[in-house]
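Here chain A shows up in two complexes: once beside chain B, once beside chain C.
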Partner chain A sequence: MAAAEGPSAALRRRDLCSRGIRLAGKMRADVVDLLDAYVEQQGLDASASVAAVEGVPVAAVERWDEQTGTQRLLENLAAYRAFRALLAQMLEEQREQLGEADAGLGRALAAVLLQVSAFAYHLEELLRLESRGIPGEEGDGPPPPPRLSLFEQKLRGLGVLRELAQWAVRSARDLRQLGKPSSAAGAAPGLAESP
Partner chain B sequence: MFSRWNWVACGFCLLLNICSPDASGGLVQSCGHIIPESPVLALGSNFTALCILNESCLDFGNIYASQIIWKIKNRLVPKEQYREINRTVSSVTFNDTSSLATPLTCNILADGQIEQNIYGITVTVGLAPEKPKNLSCIVHQVSRFTYVMTCTWNPGRHTFLDTQFRLRYSWPEEIFPDCIPKDVNNSCTITDIQFFVNTEIWVEATNALGKAESDHLVVDPIDIVKPLSPQNVSLTSGILPTVLQLCWENWISDAVMMLKFNIRYRIVGDTNWLEVPSEDTASTRTSFSVQGLRPYTEYAFSIRCMKEDGVGYWSDWSEEKTGMTIEDQPSKGPPIWRIIDSSHSPAFWTVHLLWKALKPFEANGVILQYEVTVRDKSSLSSPVKKYNVTSTNHTLELREGTYEVTLVAHNSVGASPPSVLLIPASNSKAPVKNLRTLPKHDKLWVGWTAPNSYVLKYVIEWCLVSSSSDCIIEWQIALGDVQGIDLKGIKPFKCYLITVYPLYADGQGSGQSVKAYLKQDRPSKGPTVQTKKVGKAEAVLTWNHLTVEEQNGFIRNYTILYKTIDGNETVVTVDPSKTEYTLSSLTSDTLYTVRMMASTDNGSRTGPDFTFTTQKFGKGEIEAIVVPVCLAFLLIVLLGVLFCFNKRDLIKKHIWPIVPDPSKSNIAQWSPQVPAKHNFSSKDQMYPEGSFTDVSVVEIEADDKKSFSEQDLKPFDLLKKEKSTSEGHSSGIGGSSCMSSPRQSVSDSDEGETTQNTSSTVQYSTVVLNGYRDQTPVQVFSRSESTQPLLDSEERSEDHAGGADSTAQRQQYFRQNGGQDETNTDRPCFERAKQITHANEGDLVGFVQLQISGQSSQPLGLGMEKNTQEAAVSNVLQTCTEGQTVRPETVEENPLSVDEMPKSYLPQTVRQGGYMPQ
Partner chain C sequence: DSHTQYERVGADVTMKCGSMDWDAAVTWTANGTDIDESHLNGSYLILKNVDLSQSGQYSCYEGSSWHLKYQTNLRVGTPPKEPVLMCRSNNYPKGFYCSWHLPTPTYIPNSFNISVIHGTKDMVCEKDAVPKNRCHIRYLQLFSTVKYKVTLTVTNALGKNFTTLTFDEFAIVKPDPPESVVAKPVPNNPRRLEVSWQNPSSWPDPESFPLKFFLRYRPLILDQWQHVELSDGTSHTITDAYAGKEYIIQVAAKDNDIGTWSDWSVAVHATPWTEEPKHLTTEAQITETTSASTSSFMAPPTTKICDKGAVVGSGAMAVCWTAGLVVAAYSVLFI
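And now, the complex of A and B:
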């Protein structure tokens, strides 16, 4: 597919990868900063252990280097779509809990949410360039999570942000892998590099 | 519930429509309306409005479309723009809406030409928005995580309408809320900016006439970021004295963008910045070591950053941070110079060594002390002397000779290279040539032409010339290859004395001096002029030179301005070296006002006015007048003295009468019975008839004198008066002189005791004057018969007095001896009297006959008085001179007095029958 695409498409792809990598990097940095603010704001322990959040794809994957580009893109897209929904929910819960009392945390959450959306857009564009169909978002989305207590909401938020930080690192590496000239749309395995 | 209220509202509206058949009308029915209703029109477009009349009004009021008139405000629209479409509709067309105004009314002329308004509309004219241009955006970093994007654009022309601008931006699949400007129409700020996604940005402008949209700008906001400048900048002194390490923190994380930097620095106090090469700071970092700095120097640093790839904007410069490098040993020796004072003894010098403190970049630290080494080059055996000094001068007492002085500065790190000064025995080398100065802004450039020999360096001395204090010398050293330096710290309007010495390897040249000003001004005051000497046509003016503080520049000339009160001013230019000037060709005895002006290259100043008056007479004129006058006076006095000397006897006689010496007197021998031998014939010839009016002889004796009554003596008083007013005619003591005054004659007899004592037998003469002033007086002399030899001199003195008016008097003297006829009337009477005296001496008979000629022209009063006097005298005489003979001529000539006057002159008779010697 790489051979079939024109020079403009290759440039576009490279530009999207480059921009996506930087976006992922910034997203990670912002999420890390947000995590600190979130832990402090919510009165949590930064070392608190959080169980896997339901609906959040796990960034760690075995045989990462054996994944194809499309596979990478699809996994990333699915993850970020999930994050987008979770962050939107967190933002709603945050506004309900604190109102306008802590606008800074809300703005930071909104910024991260935008970055997640932007990254999802990058992934969709890359998928389009690979002439792959973009999987449609499930109409009703994931079933609404059960009603959680306030503390559970805080812990879930903490888990979402931690996992998003992990995904930001993985996504940057995925896009870097995709951006390499030798990388084929199919299944050219990258270097033995794990996130 | 909502539906129930809705039905109620509908019902209320229906009721209103029933009551108001016209939608626009209200309760009063209108007869028409205008289409369109309140339009918004494009400026410059055409516009047509229709006025539609209601059918109901047609029948009711007989009004039709043909009667419609259109008005803009109160101005009638020309009927050419009307068009009657049908009987109920009229239109008006405007080709250019710029002529429109509000309101536009439809009116009708009813019967009787009564104008009635049918309807009116509001017309709004404006422009459609232009396409916004020049859209640009910049992302400002507000805080570590906060970025705002401000976009600006050109809104285009004014539309005269309410136009809304909105900034729109979107991602391909996400549209963000519009940014609506507040209070402005050309910029807007977006706060939720996300990097690394291409964002499409554009501006929409909308008003009633349309909508316009700018070109779309697609940009990743990360490419238009202006980051915050690095914070917490700090400086650390390194191990090396020329290095400072700069540390800082970045506001932007590496995840967002990589940065590059600019570092600039300057010496504190200097305004020029130096920059670290940009290639050395082209990557993200948080510290940098700046090298090549000066030791022990305080530097100020500032830093800025931008995206590493150069896309975006530079941040502002960070605030300055200062740091100081560490010390190093001094880089050069201090410049040294000397001032030699040999005034007290030529063989011994007082040498004042002077050196300048090293500049900071030369000292490289704090100078702790100076080490001065003096070596006598004329004597190899002399020990080298060393002095440690903390100040910048040192004074030595040296014997005249050649010395080498070495100076080293020490700081905490080390010593400077030595500075060497050779002090030769004499400054006999060649001086510089063509020394000159030139002001350059606030510096004074001093230039010279180098001597032919090789010069190591030059020493330039200068000092502020002052009249009140000594010249405080400042100095500077220039290298031998320069031929001019700029002197700093020179004050304007001050005179400086500048001297340049060339220093050779083996000696020193003599100094060349020049006076200079950095900037000249006009003098601060003018000279005070005064006169040193004022003459008739000239005046010597004098003044003092202005002090150097007052000059403010080189005095090029003095100008003397002088004038009279009402005259033109005369101007004289005087050389500035002069302090005196002579004004000439002045008018005598005139008040002059003079003032003096001193001029520099930059102006003049006039001193106070001084006035003086020229003299009336020139030098020597008074002497030329006074001396001749004095000489003439002296000459006259001299002549007078000589004359008096010549006539001293006469004067002596007049002032100190000769008192007869009784011891030399002789007894008169006089016989009254024997008339004297008179030659009357000759006298008759001389004196015509009638010339003798009266002759009286008075004999006064001392004892008898008192027997005369006052009445009897009155004629004598009259005679006194007459004598005082007439030209002097008197008879002297003894009555022998024709010039003797009657008064004298009388007073002598009245007052002098001596006379009283001795005149008991002296005959006195009485003079009876008949003349007055220019009239020829007729004098009657009564001659005493004294024959004293002293009368000779007395008569001579009288002769002088009588000579003056001898021609005015006719006198007749009768010589007693009659030996000679007295025919010469021109002869002075005193001569004649002398002759008479001689005759008396010879004959020892004395008598005097006085003839007094009467004048017919004599004033009546006086004549009467005279007659009265004569009568009185005659009475007196008559009583005393009975038996005396009267001359026949007299009797004949004066018959009226024949009975009264004695017929002849009879000498007094001594009572005892003889003449008593006096």
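And now, the complex of A and C:
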């Protein structure tokens, strides 16, 4: 549980949350652009439904308003660490598939990967502020999944980017909750009042 | 016995007089008025190519005894056309509502059934008491990429029809317009108007789900609007109003991150502050002021097309003039 925070810690938290919200907003805008480019380049149908893919963190959550600040930070961190690995894999596959043929898409992927890494680091900063230990990353982790066909790779890529776009919106909301003056990491924020 | 009978517009309708034989002597009435024998085939009543005006109560009486042998309430109508369905979240993240109507009336009772599926999960859309053609759903999940599929089926005695909407959580978010829009002149400032408003009361948590706003304004005498987008705050000062001209002002709202803009708010009118005219008493001054003088309005200083340096109010983006705006010269007579 977080210790009672002094005013400087509260200010630091609000500052980190504000910057995080801006980062999430920029990231979302770039992911949406990347999604459009990806769909076009990969010859996919933008409205295609993609089943939940193993290993892709799902942004959907029940009882979101009842989550504690710590839950929000930990879930966000786990997600963005997973996205970091997934995007790195997509970048590698992209290079294998197209080589230098589509450097633009590769650059856009790399730029989003950078933002995802930066956001993960930002979340770690917030967790440190909450005097929470930062969960270690699984070093060896589970064995890599079996190699997918080219089409399966494309669909998974679509799923990754869609979920990332959702996460970017969720993260902004999470940080807004966290940045509220009344919010403390261990306490569940109050439920929204009915009009 | 009496019952209701539904028939399509344009249909040919044959009514039997209950269990009476074809050759029995009977009298038919429509809403109490005798029907001419030319419409009878034996004891059967024949109505060809029925229209809406022929709806009503039809009764058949035995010839001599005037015993009522049969009665039916004829309702002429049409099967339903494809209904119009709309779903919207004006209270995100609590839930959304769907509302519907028929494009053309059927003139007979209809029943509506709505189903909502989220992925593989059936959800219950609770019907509102008022209005009747509306139901609402609470979100069980947020931030889902799985689409919602809403199917509305309308059924009446003459047929059925349906329509389906598929959408994701973010796409249907559309707040109600801002409320309590107020515009006031600023004392001693002939070019300014202070505008303020409130978040729509239906938006449950503006602190966690902040809205951004779009303000538009124009003098009544011109057709082209000026627009300002505001990323925070519920007030704004217009600083480039034409002196002395009445303005019309409206505001719209949108969630900061998702969804679409609300409709425009109710319009408010305001005129910037003007100096009280001085009363002149000398003849020379009266002579001087009786000749018309022309003054041309200057374009507001420092405002260029999308000049990002022109900051108006906190958090505002640049004021963008529509190209080709022509400033009219006015003749003003000062008394």
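Keep this in mind: the second predicted complex is superposed on the first by the 185 of 195 C-alpha atoms of A that agree within 3 Å, B and C clash if a C-alpha of one lies under 4 Å from a C-alpha of the other, contacts with A are read in each partner's own complex, and residues count from 1 in each chain.
Criterion: a residue touches a chain if its C-beta (ideal position, glycine included) is under 8 Å from a C-beta of that chain, and two chains touch if they have at least 3 such contacts.
If you're wondering where the values come from, they're calculated on a predicted model, not measured in any experiment.
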Of the partners chain B and chain C, which touch A:Gln166 in the superposed model: first, second, both, neither?
second
Who does A:Gly25 touch here: chain B (first), chain C (second), both, or neither?
both
Report for A:Asp33: first if it touches chain B alone, second if chain C alone, otherwise both or neither.
first
First (chain B), second (chain C), both or neither: which does A:Gly69 touch?
neither
Using the superposition on chain A described above, determine whether A:Gly157 touches chain B (first), chain C (second), both, or neither.
neither
First (chain B), second (chain C), both or neither touched by A:Gln115:
first
Using the superposition described at the top, list the residues of chain A that contact chain B and also contact chain C.
25, 28
Please output the residues of chain C touching chain A within their complex, sorted ascending.
91, 93-94, 140-147, 170, 201-205, 207-210, 257-258
Going by the contact rule at the top, pick out the chain A residues touching chain B in the complex.
19-20, 22-23, 25-26, 28-30, 33, 107-108, 110-111, 114-115, 117-118, 121-122, 124-125
Which part of chain A faces chain C closely enough to touch in the complex?
25, 28, 49, 58-62, 64-65, 162-163, 166-167, 169-170, 172-173, 176-177, 180, 192-195
In the complex, chain B touches chain A at residues 145, 171-174, 192, 194-198, 220, 222, 253-256
